[in-house]
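Just so it is clear, A, B, C and D label the chains in written order, and each chain counts residues from 1 on its own.
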Amino acid sequence: MDFEIDPRVDASFARQGFMDLIGARLIHAKAGRCVMETAWSERLTQQHGYFHAGVSATLADNAAGYAAYTLMPEGASVLTVEFKLNLTNPARPGLLRADAQVIKPGRTLSVVRCTVSTLADGKETPCAEFLGTIMTLLQAPPPP
Amino acid sequence: MDFEIDPRVDASFARQGFMDLIGARLIHAKAGRCVMETAWSERLTQQHGYFHAGVSATLADNAAGYAAYTLMPEGASVLTVEFKLNLTNPARPGLLRADAQVIKPGRTLSVVRCTVSTLADGKETPCAEFLGTIMTLLQAPPPP
Amino acid sequence: MDFEIDPRVDASFARQGFMDLIGARLIHAKAGRCVMETAWSERLTQQHGYFHAGVSATLADNAAGYAAYTLMPEGASVLTVEFKLNLTNPARPGLLRADAQVIKPGRTLSVVRCTVSTLADGKETPCAEFLGTIMTLLQAPPPP
Amino acid sequence: MDFEIDPRVDASFARQGFMDLIGARLIHAKAGRCVMETAWSERLTQQHGYFHAGVSATLADNAAGYAAYTLMPEGASVLTVEFKLNLTNPARPGLLRADAQVIKPGRTLSVVRCTVSTLADGKETPCAEFLGTIMTLLQAPPPP
């Protein structure tokens, strides 16, 4: 796979304070697929030292939204309608990676699947499975 | 409502590095209900300046888990099996509050509902609706 | 509660062959709320004699869709985008009732919550909890 | 693919009155995968003549449960904890097929993905995407 990043995704990602806070990095965003990662640190943990489920949810939601965004027309904005996340394995320290793929693109709504995995000791282990709905907004929302 | 915090929830919450990172505060945790909050900052934003959906997801997941934890026997650990989150309104700057209530307690699995709201200018506006499944583990998971 | 049925819901319900097959009856549909019921029979069972989860899902989905439909403009059609269902208790023989309430109406998308319960021996027991997203279509879909 | 049916699934399926009512047929059930089908009829429709979403939900839930059941120990019973379903395309008249695959088997809980498709005029079109959680019960539930 040739990693490529849609410049619109890059610019949007850079405006998300929360991505900076959790140390997330955009790896790929093109043609209905988006990959992002963050490295384990004590600041991202739940009570037993694993990645917090909220970190997995955040990465998955963001990767899914941007996967859909790569297919949207110029000038559109992206909005998560809803998602469901199954936690499938403990998210062990290492690199946390979300890999999202649009499975049904649509003019208004797109359905996106995303798998979150941990990479440690050269081994990739899925830790969460996401299925969600992303909306195309034809205009940017007003500033808050 | 008299705010009270189950000491087990308090201790578990204090071990979560991610709660510290997002500035979350535990407000109430007792008898199947849990409330937590965090205040808006640039570090918690998505690309348009609203709270990131990942912050809402994190607060909701955590409040739901601890709501269920208040009903678990001594020595148990709490694990999120899965959840679904609908984003219902933009999460405007202000205080973000997750209020979770167990709707079906169970020996192994509990079903929890949680509403996330923003509080600004004296007004509370729901921004996300959560429905999830929490598991009682009779032993703590091994360290990662 | 005064039971009332929006005539558009009544007409749409009457065209659903599947409602006739499962013996469902529309009880109420107005102002963002919809209630429907079906009575237990051997034809609606899973392997242990309880109502099949598919029956609960069907009733919940339909009640949710029509709850949202009551708030839609003239000429609109209703479409389920997605839903999540938690099975909370075995659905014992008796009357199965789905009670749906729009919790966030929207021009394009509405979020609806629905509780499915069984009524037997004068007692109502929740058996499923639904959270879903319903879409307003401004035109009817083409015939299949 | 060699179609094979686990005899435990076959026996359980045969006890489900609802499968008979909707004309469902078990095609394959082995090693974490299950496929079932039903043919379109007026009795399975929603208001515009497509398959009712409840039929897709029923097939998906059942295929998912039995996919997990094929991996359970002797004497176990299968229970759906929860599922989420995205409707991705109109379910046109033809054959409706649910194809479920366990993506994370577990001693107590298994995570299952299922795609529902329609087959008509030699073409297969996905119409729904399912992600759910199935529980292993070590004993059969009591009769209702």
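FYI, contacts are C-beta pairs under 8 Å (C-beta built on N, C-alpha and C of every residue); 3 or more make two chains touch, one makes a residue touch a chain.
Because the structure is predicted, anything quoted here is derived from the model rather than measured.
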Longest centre-to-centre distance from chain A, chain (CA-based): C
Contact-richer chain pair [A-B vs B-D]: A-B
Chain B-chain C separation of Cα centroids, rounded to whole Å: 29
Separation of chain B from chain D, taking each centre as the mean of its C-alpha atoms, in whole Å: 33
Centroid spacing, where centroids are CA-atom means, of chain A and chain B in whole angstrom: 21
For chain A, residues contacting two or more additional chains: 81-82, 84, 86, 111, 133
Residues of chain C touching chain D in the complex: 12-13, 15-18, 20-22, 41-50, 52-55, 57-59, 61-62, 77, 79-87, 90, 92-93, 140-141, 143-144
Sites on chain D touched by chain A in the complex: 84, 86, 88-89, 103-104, 111, 113, 126, 129, 131, 133
Contact footprint of chain D on chain B as seen in their complex: 81-82, 84, 108-109, 111, 133, 135
